[in-house]
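These are the structures in question, set out in turn.
The same chain A turns up in both complexes below, where it pairs with chain B and then with chain C.
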Partner chain A sequence: MKTTLQKNSKAILVLIVIAAFLVIAARGMSGRDVVITVLRGFSVGSVTFLVAAGFSLIFGLLDVLNLAQGALYMIGAYVGWTVYVRPDTFVDVLTPVLLILTAFALNILWKHLAGAIKMQAKLRKLISWVLMAGGFVLLWIFLTKYPISLWDLNNYSQSPITYSYMADQGLRIVPAEATFEVISPIIAILGIFVSSSLSAFGLALRNREETQLRKMNWRQLIAPALLFLVAIFAAIFNAPITAWMYALSTNWLFVIAVGVTILTGVGLGALIETTLIRPLYNRPIYQLMLTLGLGTIGVQIVQAVWGRPEFVWPKPELFRGTGGACPATNLADLIENQCSTIMILGGRVRVYDEIFIPVVGIIVLVVVWILLKRSRIGMIIRAGVQDRQMVEALGINVRRVFTLVFALGVGLAAFGGALAAPSSGLTPTMGDRLLLSALIALAVGGLTSFPGAALGSLLVGLIQQFMIKYGQIGIPLPFTDVVFKPSPALVPASTVLLMVVVLLILPNGLLGKKE
Partner chain B sequence: MTTNSNFLTRNRGILIFFVVMLLAPFLIGLLEGSSPAVVLANEGGLSKFLEGLGIEIFILAIFALSFDLLFGITGLLSFGHAMFFAVAAYLTGIALKTLQLPFWQVTLLVLLAAIVQALLFSIVLPRVKGITFTLVSLGLASVFHIIVMSSDMINLTGADVGLQGVPTPAFINPASERFRFYVIALIFLVATYIFYRRFVASPTGRVCVAIRENEDRAKMLGYSTTTFKVVAMIISSITASIAGMLHALYQPIISPTVADLGFTVTALLIVLIGGVGTLSGAIVGAFGFRLLDFTLRRFLGESASFVTGSVYVIFVLFVPYGIIGTLRLEKLSTRAGWKELFSRIRGNA
Partner chain C sequence: MNNILEVQNIHSFINQYHILQNVDFVVPRGSITALLGRNGAGKTTTLKSILGLTSVRQGKVVFDGQEVQGMQPFEIAALGIGFVPEHRAIFRDLSVEENLKIAERNKGELDEKREFIFNLFPDLKRFLHLRGTELSGGQQQMLAIARALVADNHLLLIDEPSEGLAPVIIENMIDVIGQLSKQSTVILVEQNFLVASKLAEYFVIIEEGKSVETGLMKDLEADKAMIQRYLGAA
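What follows is the complex of A and B.
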């Protein structure tokens, strides 16, 4: 006990000083303001944590500073919004995406076939490039012909803003269903499947060395077959599923939206790791630059598909009640009336923003913590953070764990986006702002430390919210009558200052391991 | 490098570049059908327009050179590099517009600010290394970006609209004296490049390269690595500040995007296109980047940055040494190929 105290004396001292600052800051406010500010700090901290946790896991194990994390957070929010506000678009997109996935999931079959074909290396390379390029061109042609009901960015009455607004008012517009006009459904579905299979086969043809080792196993084809069946199912029952989703209670729709978002994040993470990050493992600085470029591309894609203007994600019914007993004064009232606000110590607190988000943040913290501490995979991850080569030497396939951790980290970020969007709204810049907060939280808490990410996020959230509150009521400067009111734009500066000060005293952050 | 090589032969490439760029406006003027006198008198036309594009490229190239000295030569990845540029640009603008100082005082002020900033970054240098330094520099630069963007200083910086109406001294007014400005920017670029070449070849520069390759080993050899890093930082900061000052004088609006992380990424992209740590790559990269950006914006409009981002990713994945770096590698292997051929012929004979 005594040695731990001595070892971490600096970190403890810094924490005490920060805590003292926060207490002094809280003394200048009324009790009502303190409750709201602290809860908002927890809320911002939770969202930051979801992004920072993925960051710290990825950086700890893979040594990759994933600067695309902010963009992926944003993409999570936009994907979730699409499922929630425009289920018809989601169901339309589902079929082609699943078909492409099936084609690439059949990788094992393609490799087997490619191994059976014998030809010259040069010819092989040429054919593989031709197949890949041809497959992509064909895929592009079929995708443009495939009917997807979309919003129209140039027409205000059909823009995302209008759909959000109408859904917020409880008047969901059900847009006209897109129908097969140019080509018949069977040709479209087969076309997408065959053309993506062509490019997948071309890809498999490229690397010859592995082909001999592969043995076919029928069990490995079950997953692609399931994907294919779901895709066909979604295509056939497109209209009934859409109608069912529109009729669904918004609570369940929200759950579905969050689930789809997490799956998208996990899928994107696995895709990025296997295709883009993996070739660069011996050039760490290039990985950083690559993720930076991916972040820019992500923002551009979001701007092109969903447009630049800000719009809202209407909250689910559970957090919208404004009946007679609202704002609720006790828990029973809250649950019975599904109030949007609750009174705590005289302060009116929004249930979704300031209670639901922190609760989810804590649940995720606990779940990931248990996963890391108790499961086999968590053990491998923790060992890998400490010494990657040793784990590899023990005969564990670290590469697969890398993919898993990257997918998990991106999934967490996407989840954070979907969770934060109903309270913060959606803009193409939301990722950049959060990226900075998450980076600061990580640097403060210690780059590779998972509890450090949680602590840093909490500190960043609290300090931001206290600064915003003081921006409203003003800080009386000592010995003068001047009241300094920091404008909201200056708030992020305060957290950067926190980071610089902490790093000057503790270069490895509060909970980072010493070297 | 042979001992009897003099200044001219050593810097042959950049001097040819200088002469070509100096003559280019006249040649374009001739193609257009206007005599050299018209070009000298700055009477508009394609030549004047291309001079403007050239000035932008030169400014970008100076900025990218300063970034290459830090990242490519010394091995410090700073995400706050745009701050050097932006501080100089804003300081020039504010000093000329609000304070109305004479030009030489403004120059002095900018140089002073550059050194102060470099020292500010140097406070954290000995404490934090690698990725953490990147984060700290990003943090410091974003504080500056936030302050520039905030409404508290709108009278000085113009917040998100940008700083407008900076009175440029008459003798380098980019509208009426475009050719003179063009030549000055070109001279600055060439001088910076020659100085940087000299610096990298000097004992101090050699130690900087050693720090990039293996900092612990450089320390073991008895070099105070922090001092060398600070020297590189100060040189880089002053160069970036010169670029920022030229930018403030040339552009009608100083937009806050120059203080953004995106602007540092632009420098990174330029250096990457040209070749990290090659110096001449920064100039090639600046040409490549600006011309690509210009063409794309013309034909694609807003979605141009999507293509730029993709180019960036493609370069990271497939051309990691950049244009100049790859050429140099190829040169070695072609030479080795010739040598092997000769030795085989001799062996057979």
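What follows is the complex of A and C.
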């Protein structure tokens, strides 16, 4: 044990110094302020951790710096909001999205068909591009004809802001249903499926020469068939599902919204990795440019669909109680009245923001930790971080694990967005700040270290919150009468300062390994 | 088919460098074949080319009657090839047990082979819960070989097993590899000619990316001139 202590003496020393600073900072405040500040620090730390953890997993195994992580966090928030506030839109979108997914999930079938067709390489390339482009154009045409009930950015009474407000007031009125007017439902569904199948087949045709033909198993068609059935089911029972979701308690709706967000994040991650990142392995500069560009595109798309102004995600019922016993002073009152706030050591603490978010953060930390340490996938990830070639030489398909890890990382970021939005509100730029925090947290904790991501995120969260609090109450500078109030601009600066100091002493971060 | 592996006139590149320029040999089933040659001649690249870790641009690699060049490395390995790389490549964040477990291609393989592996390498049993890198060099080499034995591999590619090991441990290693060859075919890259000549039945000499001589080890041992010419003083 002594040796591990000695090996990490510097890191332990730095941690002690940081802890001492935080204790000194806490002593300058009233107990009430300390409780709130520390809990908020944990809260911000948790959200930062969700983005940073995904970032660290992806970077550790794939060597890809995913700068789109902040935008994906933001997209997660908007997707979750849509499911929560406008379930009708979500149900409308479900069918076309699932149909497109089905078409691409049939990849094995397309590959097989593509393999059966013999033709010249040049012709094959040409036809594949024609199919992909043609399929895409057709898909676009059918999608614009497909009825999706949506908010209206140009009409304030129909805007996301108004819907958020109404949901917040408990006015959950089902908006007018969008109906098939231009084309019949059957043609629309078939059209979307066939056109996306054309694109998928074009893609398979293009990649045909690289992959060996593998045996097709009917079991591989079960997943696409299920997807297709769910899509048809959602189309037929669109109205009842919508009505059911509107009648649902907001607690369950919140769970569904978060679940859909995570799935969307995982799907987006898998899509990005397989189509965009994969051709760019071993070209780090291009990856940086690509992920940075993707982030910007994400922000623009969100601005176009959901609008620029900020709006809120109303909290679920469980965290909204304001009955007689609120703010709760003990756990029993809290649970019975579902209070929105609770008194802890004289400080009034918001239950969702300052207790629920940190608890979820810790749960995710534990779950991912167990996944890494106990599961076969986790074992492969840990081994792959060190030596990808050797893992492949053991007969393990590392590429598939890459896709999985990228999908998981993006899923975590999207989850973070959905978790934070009811507390922070939604703006298209909400991811930018968080990406910076997450990067700093990783630099402080150690880039590829998973516990480092947690520790760094916590430190960044705490320091930010202490700075914000001191911005309100001011620091009396010793030997003078001056009270120094850190301006809001100093909040991100303080975390950068932390990073600089830590990196000067420990170039690999607190828990990072020496390379 | 008497040959488990046929390497037919392969050319391999690492980036733009033309490393293998016509390597051609066959490996009879159940034999030990030693790849010999000076440093940088292309022995390791030959092993990596068989596994697809280095891409083969020309020529064929036929394993068990199947052409494997151009396949993904994991697909080739899964056909039944075990790889023990130079410098062992033990996973440092994994325990000894996990280092073995990760090599399973089917669930429960490690449990089936546990006894066999621990008979060969009693040391590993004692250190099962240590981290891979807490082992000594010799034990790491044992672990690297054991890892290649977990799955059902008919061909083992072993790169420089004696490198950096004490003579006593090398003796042990020779013994182990000799036992292994009763069950699977072995291709051995070995700088130490004494080790190679004790173990191998066949040899392939690689010089500047070309296979220049192949044959029976006992003929090579008798031909001092050839040893002198390709391998320096022996």
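The rule is simple: the second predicted complex is superposed on the first by the 512 of 515 C-alpha atoms of A that agree within 3 Å, B and C clash if a C-alpha of one lies under 4 Å from a C-alpha of the other, contacts with A are read in each partner's own complex, and residues count from 1 in each chain.
Convention: a residue touches a chain if its C-beta (ideal position, glycine included) is under 8 Å from a C-beta of that chain, and two chains touch if they have at least 3 such contacts.
Quick caveat, the model's predicted, so the values are computed rather than measured.
Annotation for the three-chain superposition on chain A: chain B and chain C fit side by side.
In the superposition on chain A, A:R382 contacts chain C only, with no contact to chain B.
In the superposed pair of complexes, A:M390 makes contact with chain C only, with no contact to chain B.
Taking the C-alpha centre of chain A as the apex, the lines running to the C-alpha centres of chain B and chain C meet at 80 degrees, rounded to a multiple of 10.
By the touch criterion stated above, A:V230 is placed in contact with neither chain B nor chain C. Look at A:L271: by the touch rule set out above, it reaches neither chain B nor chain C.
The larger set of touched chain A residues comes from B, when the choice is between chain B and chain C. Of the two partner chains, chain C is the only one that A:V398 touches; chain B does not reach it.
Put simply, chain B and chain C get as close as 14 Å, counting only Cα atoms, in the superposed view.
Put simply, chain A uses no single residue to touch chain B in one complex and chain C in the other. Only residues 51, 53, 70-75, 77-78, 83, 85, 89, 91-94, 98, 101-103, 105, 147, 151 of chain C touch chain A when the two sit together in their complex. Every residue of chain B that touches chain A in the complex is listed here, in rising order: 77, 123-124, 127-129, 131-132, 134-136, 138-140, 142-143, 146-147, 149-152, 261-262, 265, 268, 272, 302-303, 305-306, 308-310, 312-313, 316-317, 320. Residues 212, 376, 379-380, 382-383, 385-387, 389-399 of chain A touch chain C in their complex. Within the complex formed with chain B, the residues of chain A that make contact are 59, 65, 276, 279-280, 283, 285-286, 288-290, 292-294, 296-297, 300-301, 303-304, 432, 436, 439-440, 442-443, 447, 487, 489-490, 492-493, 496-497, 499-500, 503-504, 507-508.
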